[in-house]
Amino acid sequence: MRILVVNVNTSRSVTEAIGAQAAGAAAPGTGIVPLTPAFGPESVEGNYESYLAAVAVMETVRAHPGPFDAVIQAGYGEHGREGLQELLDVPVVDITEAAAGTALFLGRSYSVVTSLDRTVPLIEERLRAAGLSERCASVRASGLPVLELERDAAAAVDAVAEQAARAVARDGAEVVCLGCGGMAGLAARVGERTGVPVVDGVTAAVKTAESLVSLGLSTSKVRTYAPPRPKRFLNWPPPQAR
Amino acid sequence: MRILVVNVNTSRSVTEAIGAQAAGAAAPGTGIVPLTPAFGPESVEGNYESYLAAVAVMETVRAHPGPFDAVIQAGYGEHGREGLQELLDVPVVDITEAAAGTALFLGRSYSVVTSLDRTVPLIEERLRAAGLSERCASVRASGLPVLELERDAAAAVDAVAEQAARAVARDGAEVVCLGCGGMAGLAARVGERTGVPVVDGVTAAVKTAESLVSLGLSTSKVRTYAPPRPKRFLNWPPPQAR
Amino acid sequence: MRILVVNVNTSRSVTEAIGAQAAGAAAPGTGIVPLTPAFGPESVEGNYESYLAAVAVMETVRAHPGPFDAVIQAGYGEHGREGLQELLDVPVVDITEAAAGTALFLGRSYSVVTSLDRTVPLIEERLRAAGLSERCASVRASGLPVLELERDAAAAVDAVAEQAARAVARDGAEVVCLGCGGMAGLAARVGERTGVPVVDGVTAAVKTAESLVSLGLSTSKVRTYAPPRPKRFLNWPPPQAR
Amino acid sequence: MRILVVNVNTSRSVTEAIGAQAAGAAAPGTGIVPLTPAFGPESVEGNYESYLAAVAVMETVRAHPGPFDAVIQAGYGEHGREGLQELLDVPVVDITEAAAGTALFLGRSYSVVTSLDRTVPLIEERLRAAGLSERCASVRASGLPVLELERDAAAAVDAVAEQAARAVARDGAEVVCLGCGGMAGLAARVGERTGVPVVDGVTAAVKTAESLVSLGLSTSKVRTYAPPRPKRFLNWPPPQAR
Amino acid sequence: MRILVVNVNTSRSVTEAIGAQAAGAAAPGTGIVPLTPAFGPESVEGNYESYLAAVAVMETVRAHPGPFDAVIQAGYGEHGREGLQELLDVPVVDITEAAAGTALFLGRSYSVVTSLDRTVPLIEERLRAAGLSERCASVRASGLPVLELERDAAAAVDAVAEQAARAVARDGAEVVCLGCGGMAGLAARVGERTGVPVVDGVTAAVKTAESLVSLGLSTSKVRTYAPPRPKRFLNWPPPQAR
Amino acid sequence: MRILVVNVNTSRSVTEAIGAQAAGAAAPGTGIVPLTPAFGPESVEGNYESYLAAVAVMETVRAHPGPFDAVIQAGYGEHGREGLQELLDVPVVDITEAAAGTALFLGRSYSVVTSLDRTVPLIEERLRAAGLSERCASVRASGLPVLELERDAAAAVDAVAEQAARAVARDGAEVVCLGCGGMAGLAARVGERTGVPVVDGVTAAVKTAESLVSLGLSTSKVRTYAPPRPKRFLNWPPPQAR
């Protein structure tokens, strides 16, 4: 089984970290193929960047020669998963949803701890749109930008653990999801500090994707995610994505 | 006052129809500037196309020399409005939301009649994300593709009026919103057939935009729609959008 | 275009302030006709008074010789708008709903700051009944009674701005609505203090009413707001309202 | 214990029927005092009439010499209960809410069958405002006006039983509430026809009121239902209500 | 009228206290029959114990020779009421629901104060499943275990009143429900301390049960609570419950 | 890895079918241990039976000598999972929730097709309590009792496929979950008939359990699922469960 794990930003170091995280969770026989978008921002922290990243991920996956058995979109709270589902026949797993879907089996409610406060609304909206928000106790921001989280792991653990602890004490969270692709690798340390299960989106997505492939299940094509109709495009795709 | 009215697809005839519709609703002194995206699909009927259109609209508006006082995104149920709000200081009005926001003052509940069934979920999601779905009785599909609606007005009136009548009789709708940019101009005839107020999104958006400008109000910048942070972009924007 | 702007209480000074506020927002060619109810309380701060005011507004508008093109009910969180819609063929706009409907275009969520804590539940209920509550972050009370707000503008600004700032900082509000007819004129100063768009219900209602009239749209009569059936009334209307 | 049972319309025959229905359900030692409003419409079938009836009920109860231990507002889906709660220290029970509150103990969900379709929205709103709508499967209309229901009991049973049966078969209702004060006395026959428990609002309200009085409990005065503040009234109350 | 009042734990002192509380609220002519389950835990503070108690209550009531006219399940937030409703033809009243159903008539919102924090989720779930959670402002824990509450009434009043006061001040509660069978008898003192109506579940349930019996109403048998189908059981019931 | 797969009824043939289904989905190295409760009903089709089954499952698992790495409760819409989570340190997966949690990754909404209509409410409640109901389009009944489904596979496929097709056509479902442990093995044939992904709860639960174990994650113990407090039990457990 080969799984494409697509970073949403164009920072190769983030792609590498995500790839390593995914590989560590993969079952024997699962090949992880990390992918960086062919265009877009170096980090995604808002709607403009997220919409652009969504399109970049779609075009990059479309241009990928394959074959692959599943695709993971490795950005937290980002737009685009629905479009990938239209374009592909294989299962598509968003790490935001994989983390939440996993957390539901571990406690009555979960919180997400993300990077900047401005990304909180995006995550809330994605969870709501996915039908996974009812048991979301809160989405909290650590205050650290995406690239900062990656650069200074110790500071990241401190900032994330502090908000995770507040989520447990004040919001009634029983599980914490690490709400940023750049938090790959922090789960164990945040778990020790808070005493609750900590879910990493990338590893959760790998197991979800493996499960779907193993069950022989993929995206329903009867309505929302039917393939795009044949259509003319003006000036698209751009040269870099061909 | 100058209002950019941005089509979401790249069909110039649709841009023209939308522009004429907007101009007909504009107050004296309001200039309507119709705009066609610099890239993207000829019609938008699904998530892949809608995400691409969102980015195309954003880049096209960004590249527009201006000045303008407000921007209308003239696609029904499409992604992207949040990104435009981050990029701009002037008010941004989505026609989906303008129609729903207008309908709330006209009856206890409203329905939307759109083009194809596959776009129904997109409209439902946008209304929900905008906080305008609670009084939405239903979103119904006429079964006609976007470009068909434009081509054959008589058939469009028939198909839309039939679903509008069902929305009133079966779903409890008291108001009907025309759920497609390509339906510009059908409102009066559908209203005659159904006996309920019929809201056209483009004209509703023009009045909403004029109102916001006249009140001196624009997008809040304290959180969700704060300007994007300074950041490096790889291979972006594409040549055609510069 | 002539718009009746009906105060809900019987304090003429409040009527004058509301009328001036409305006139300042009106487009050229829009005539504002301020109206004081023929009976009822000098201020409305609770359900008993609000129900009475609702009936007084209805009878006063019914007895008005006209003509007029729209009616604005200028009380925040008050009962009665549905009854006016049954009685009239022209559009009816409640300032609570106009403010909320406007706020939805300006930020992801809004809060209302009102007079006394006891009026908070009324506003919450009206927003819920209008299908506009989903993005309401909170309704907060300044602690000042309606007539106090009118009497001491400086104290009003202080009290309202303090709660508005809390709404932004604690409740996640991105927009603030001034939740009392008696707050006419405070918007600019509260906006300066808080850095978010501040919506005044009366001016928002004027633009909403103008928009509806200009679009040729009025209340749907197919169900909820159908005209009252012919019926005998005992001892009604009272002499003062004839 | 003396309970005022206040009709919302000014038809004395309805008052009598309601009074008899209440008396039949009262415990030994409970005195039922039927009351007709001093002004208002002969039947209540819409918002204008309902708002007027609300005020008429309040003024009529205020002018009643007493003493009494509880008040029942015997109109289905009508405005006003919150105002009575402000004015009185004794418990106030609305028959819409008493019926729903009783139905919750009898099945997983209930439906209401009312008179005209135009009153359906009023009932839905009242149930929602009372926090009792979550298990409401549907509100259905028999198509018979209030005064018709009273005049022809056989036709009323037929029309109501038909809608009740549909509520059970199509909407999943397990209990039916008779949604009109004028349906007093139909419960047994509708129950026989449908095989589900049928709740009459007036009798349910009598038992609810007796229970509250017996438990020594009455309306909380800390916030929403605090007594009105001292205030000047213009031209109110009208002569007939003094 | 004979009402079985079934304790959910096997502490006879709790059964006695509950029985006395119920008897104090019963109307003349109502006989209260307190019952202790034939097996199970000495107190119920979590899901495992609550599920076991549910089954113990069901088997104990099934084995009871009768006759009786109604059954009260006297545990707060416990599982099982639906099963009893399937097994019995007489009305079944859960004290959690009776308290909430009573509170709705006394104020706009209510809070529950219970024993340990770990029982809060159970109560929240039961209120939600019963359709009574919409007006629940909060469920708060006093921190005292069930048996402690019974042992030291003064400490219990202090701990419960403190949380009740916070519910009023911070959560907007206007009514407080005592959320534990072991709190029988504290209502008056907690009410004095907080100034809001305090509802005791056992007494509320007695009045609810009496009302249902008096109205001739019992559980609907058309769907959810239809009698169990005839079926073979392995090793059940256990010797002690026969 | 060893996973206990616990049937909820005492029919050994059902246990065998479930065990075979689970084994077919298990990864290499995963051992499936099918378990039949030590007491309880031969099939579970209602609340009384479901509560009893919940307790039987708990006592049977408690008495199991182990070791095991996860437990699957293989009944659809049954009570009890929360109790197992309190008793165990290893992950607990309910097949109702595993199916729904899997379906969310395959389409925008899913329906469940179960055995008898009387079990529909149980499934709806369990999905709601698990926070997985928001995207549930409907729960439909095939009309076949549990043991019948097992006995006649061809009839079962027909009955289930018919309801599945209606769920897609009328309720907007894009995925179908087989809502009964006794439907093990029907997924492929129902999928062929309906053209949408069909999720079998048992196989979905096996993959979910494997994923959780592989990620090193288990139930949060900080609140809802903390271990039961030490306590005395009367007459429990029964001889057969020791």
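To keep things simple, chains are lettered A, B, C, D, E and F as they appear, and every chain counts its residues starting from 1.
In this text, a contact is a pair of C-beta atoms (placed from the backbone, for glycine too) under 8 Å apart; a residue touches a chain by one contact, two chains touch by 3 or more.
Predicted model only: the values in this text are computed from it and were never measured.
Take away chain B in thought and the touching chains that remain still make one piece.
Common partners of chain B and chain C, by the touch rule above, are absent. Residue-numbered contact pairs of B-C overlap by over half with those of A-F, the repeat interface among A-F, C-D or E-F.
Interface chain C/chain D: over half of the residue numbers present appear on both copies, so the contact uses mostly the same residues.
Overlaying chain A onto chain C using CA atoms gives a rotation of 120 degrees, to the nearest 5. Chain centres here are Cα means. That of chain D falls 28 Å from that of chain E. Distance between chain D and chain F, defined via averaged C-alpha coordinates, is recorded as 44 Å.
Distance between chain centres (mean CA atoms), chain C to chain F: 53 Å. Chain contacts: chain A has residues 108, 121, 223-225 touching two or more partner chains. Only residues 25, 27, 91-93, 97-98, 101-102, 104-109, 130-135, 168, 172, 174-175, 195-197, 199, 203-204, 207-208, 210-212, 214-215, 217-220, 222-225 of chain B touch chain C when the two sit together in their complex. By the touch criterion stated above, chain B contacts chain A in their complex at residues 10, 37-43, 45-52, 54-56, 58, 79-80, 82-83, 85-87, 117-118, 121, 125, 128-129, 145, 223-226, 228-229, 231-236, 238-240.
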